[in-house]
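As structure tokens, here come the structures.
Each of the two complexes below includes subunit A, the first together with subunit B, the second together with subunit C.
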Partner chain A sequence: MNRIGQLLILLSLLLVLSPAALAARIEISSPGQQSIPLALTSFLPAKGSKTMPELALEIRQVLEADLDLSGLFDLIDPKAFLADARRSGLLSSQVDFAEWRLLGAEALVKGSYRVEGDRVQVDVRLFDTLGRRMLTGRRYAGKIKDVRRIAHTFADQVLKELTEESGPFNAKIAFISNRSGRKELYLSDVDGKDVVRLTDHRSIVLNPDFSPIGKELIYTSYKNGEPHLYRKEIYTGKEARISRQKGLNIGGRYRFDGREIALSLSRDGNSELYLIGASGSIHRRLTNSSAIDVDPSWSPDGDQIVFVSNRQGNPHLFIIDTAGGKKIRRLSFRGTYNASPSWSPKGDRILFSRLEGNRFDLFSIRPDGSDEQRLTFGAGSKEHPRWSPDGRFVTYTSDQDGKKAIFVMRADGTGNRRITDAGVDSIHPVWSGPWK
Partner chain B sequence: MKRLTLTRFAVCAAMIVLLASGCAKKPVAEELTTPATQGVTASETTSDADTGIVEESISDSTIAEPEVRGDDKLAITGLERIYFSFDSFVLGPEAKQTLENNALYLKANSSVKVRIEGHCDDRGSDSYNLALGEKRARVAQDYLTSLGVAAERQSIISFGEEMPLDSSGTEAAWSKNRRSEFVAY
Partner chain C sequence: MLMRPNATKTVRTPATSRQPKLGRLVVLSLALHLLIFGLMSGVILPPRKEPPRPVYRVNLVHRPVKDPQAGRPDAAVSRKKPPQKPKTAPKAAIVPKKAPVKKAPVKKAPPATKKAPVVTKKAPAADPGPSYEEILSRIEKTRPKEKPSIDATQSRIDELRNELAALATSELAVEQSTISPVPEAPAGMPQGRGTQAGVSEELWLGEHLKRNWSLSRYQLSRLDLVATVKVVYDAGGNLLDYRFLTPSGNRLFDDSVKKAILKDKKLPVEFAGRMEVDVEFNLKELAER
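This part shows the complex of A and B:
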């Protein structure tokens, strides 16, 4: 064997054994395609701490659900765990890596907690068992009631470490539900927990969108009898009516910088797309057609908008330049009813729903009209897809379990799970940015 | 065919009773008031079927029956809703006939103003349905105006798919929900 051959063998050995080996295996674009065997241990009380098994369990369950949804891991059955799972040492010198590798684990998460009064400190670390070293470690301090957020935050950190992009789990999903008897705006964690009602309009609230800057939402409400556009500051509760043009003020979507909103107004007697300022002043009318023009969604650079129009007969997707020029390009050609498009945060794909038989399913397509893919199958009507801010996950509605409920899944259509009660209607989900 | 005729006869008979007793415009008020009581209770109400919305035995075909519509004056006892096909805001012959009767009523009651509400079934984009509902309201308004009802007496609003008459999700329910309502005030 020549020297180059030996070098190659050495290099590949290094790749396998080095800490970079784990990270190098993962691609951002295709969650669910590759999976790393991961051992997620129960969190143990730190020396001298009160023991709270239910707290430890909650942290572990939140982490497990997030990491499972990420599609990056094969979770190893805890029943197979050996002695090291019961040892609280978190230093890499204290971890018995050989034992974990015996179980086939390539990644390992261990953690501990310390409870004092109503406060908790959580230490958690991700190890590469092949490289025998810690990849990332974090210490979180907060109230006991914040442990779910702490777990979501570490799940984001795990994804950041392995894919170089943070996960979207420490975030919120806003949605509309009629659980009070009327359609109101709600906010929950991305796993559907910690639900808070944000409006009490006792009317009809619809179609929220998060401001990309600050913790604010816009939505349409019939609070004053007509469908006007409102903005609410989530923590102060302060609400302002920002567009009350005659007729419809619907489907508001912020531009990436939050400085402009695309929406449909029917002040001209028919729904047209408009751009308005964040306080409601009209900047530009984009469409001019006797057809229905609704459901705008911005490209991430703000240069284009995909929307729904029946200008050529049935509802189809079209793309328009926001700078004017009036050039409108048709995007969808299949099916008889294509609706609720959502442009991905990376710009490469557009999600939408399409009537298939007597129900809707979710599809994605490139903005140039190529590579259409069907994402959902099986029972139920799936509608209103929206991306997670990192573009790796999707939230949408499905009535497959009863009423319309909010679901999340990976962007390739795998891993779908329901996050709201199937006994009440919940619709129009939208995924927030990082919730710091 | 015989069964169909019998059914039609029965439904027509029911329709005449309804019209004669002046019930035809009542359901509109019921739809508007029942959700309010729901809102106050704010309970564990989960099903749309619990909202107390009254279903009527009126369908497109019954309204189409000329013997109900004829030239007798039964029809102008109140404002009646009109129905549309899926993803359509085109007025069919039945809808036009109903609108002509509604116009007669409005001309006979010149102090009455009317709010025309456009509604859709719940399939498809909510935004699209809001826009479609508006077109259903506007096409009715335009027709009433062409029949001589002053435009100032009419206003329009769309509720899209938000206020279904029947939430059972069947083909029959959907066709009942694709409508324009006429609310006098």
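This part shows the complex of A and C:
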């Protein structure tokens, strides 16, 4: 190669490798702030309205608790709030966004209320302080006693705006408690407030489950001396016994469309899984083994059921196809006692409790048996996990504070908090769908 | 004996015959050692003083910064303010102004020779009488004081609250960002344009954008999202342009990326020249957890 050729190659190499020719590229592999700084102001009375500070405080507290549980936000200390927090204007043009940005807030919730007699009108807005615009706003009207529900509803709206999926806070949690001396069925908000007793069987009530199409619950009760399956309409109070097969009628779980119920019956002497209609008629027998098969939980598409069986020795999780051949496969292999499975509404994970040492802890696993994760640690047994309808939260029972109580937490095991009184036993929680 | 005739015979070669005796060698060695000692100790030659080299302690925990001497972009303020001292001197000269206003009527003949060095050189000039401003201030004092309106008071309270909160916020930010495990240690290169240990404009920009990027994992149902954005800044750190080369397709993710870029349209630093960078935003670190 002659010299000119060598020179050309050298020049082209220099050109290619020169910094100017290399396009600078940066990779950012995680956000620096993994929560949204949110300012939640106190709600102010609208012009001409009666001032009710306790009402404003209640709305704010409910919203704050819901938004905190969501894990999305880093709530800014109200002590740092400036003058705009005391201005009642809810239009974008009336908000001093620069002031909120000074405090580092990227999202802002402001609201006002108007009280007339026993009725209240609440206006709430969520603002984007960087974009200087309103993201979502709502006006709610109702009775003063409904303000908690109004706050839960707006918390759901905030989650819908920032995650494209509504939150599960305007819902109910049903659970079993012995606060009256007997194990009865109760209903509360998702933060444990407004507790209402639904049954007065004066025996033992167990294992409730919400109907997906309406405000109904099914549960097992020893009301008539035997563990039969009942259904109750919450608002009318109507109750019906829908399965009274000989032996156990336990662990009833609605299919996603509410047309079938999976449960365990021991009519032939051994506990087996069955599918029954909403009226109680037996549709199919799913399992047939000498082992105990209990705790069914549907996949969201209704094609599979995860359940607990000791057919291979210790209690483990198994999945059965409900559509065709009733094919059964084992899901869990670790531990000596796996129980109370609950299939995620999104279908991607299954919650369950496992005996670790001398106490139960909560785990989740993919339906194919991979990626098992432990969700809870520390003192006390954690059992009976159930998903929120959006699959982002979990409610469960724990005795970490002494008596068994109902807890809620995020699906990754963080943010757990007790929602029922510590002085009485409360078990078997279940999270309803949106409570309209 | 006939087989090894040279075994016991000493052969004197020309080299061995020229070897000095042991005593001479010892003397020579001593002389050389003394010479070296003399040179090193400064007896013969003056000692060479090297200027002490600066010691740079590199804090590997800190994020890379573009201009280390200026501090990190969010922590440029030093809590100590020694340079402020000279500025306070003129204020001290102003303070005596108040004293003459009150004492001027009392003093009949101020001894200029005594006060001149203490107050200012202008002190003798005050002798002709009170100035126009002083007269005005006296007139103002004689007027009945009006009560400030409630609105004015409230607005003043608001202003003070704002100032207080802003001060608390800025102090908190300074406190959180300036704490260093190595106090007083210069971090990086003295010129502030270091190229070692990863200090570069691109890295700085990456860290700055990362700090501006806020997104919660709970906002997303999947963590395999990637968006690449071309950002262009001028030498002054002003954002000239940005455009998505490959959006992630997720509105929330792309919005958060956009906000991270737009949060600072004017960066707190300057670059060597026009800065054009492709920035890939992804969630690899979150997915690994």
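Here, the second predicted complex is superposed on the first by the 402 of 436 C-alpha atoms of A that agree within 3 Å, B and C clash if a C-alpha of one lies under 4 Å from a C-alpha of the other, contacts with A are read in each partner's own complex, and residues count from 1 in each chain.
The rule is short, and it goes like this: contacts are C-beta pairs under 8 Å (C-beta built on N, C-alpha and C of every residue); 3 or more make two chains touch, one makes a residue touch a chain.
Given the structure is predicted, the values throughout are model-derived calculations rather than measurements.
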Touching partner for A:72 - first (subunit B), second (subunit C), both, neither: second
Which of subunit B and subunit C A:339 touches, first, second, both or neither: first
Which superposed partner A:57 touches (first subunit B, second subunit C, both, neither): neither
Touching partner for A:106 - first (subunit B), second (subunit C), both, neither: second
Partner chain(s) touched by A:226 [first = subunit B, second = subunit C, both, neither]: first
Which superposed partner A:141 touches (first subunit B, second subunit C, both, neither): neither
Touched partner set for A:240, first subunit B, second subunit C, both or neither: neither
First, second, both or neither for A:162, with subunit B first and subunit C second: second
Touch list for subunit B against partner subunit A, complex: 35-36, 38-39, 41-43, 45-46, 48, 87, 123-128, 130-132, 134-135, 138, 157-159, 162
Residue ranges of subunit A in contact with subunit C within the complex: 23-37, 70-73, 80-83, 99, 102-104, 106, 130-131, 162-165, 346, 392, 410
Touch list for subunit A against partner subunit B, complex: 179-183, 202, 204, 206-207, 222, 225-227, 247-248, 250-251, 264, 266, 269-271, 292-295, 308, 310, 314-315, 337, 339-340, 353, 355, 358, 360, 381, 383, 403, 423-425, 427-428
Footprint of subunit A on subunit C - complex, ascending: 158, 161-162, 165-166, 168-169, 202-203, 205-206, 209-221, 251-252, 256, 259-260, 262-263, 275-286
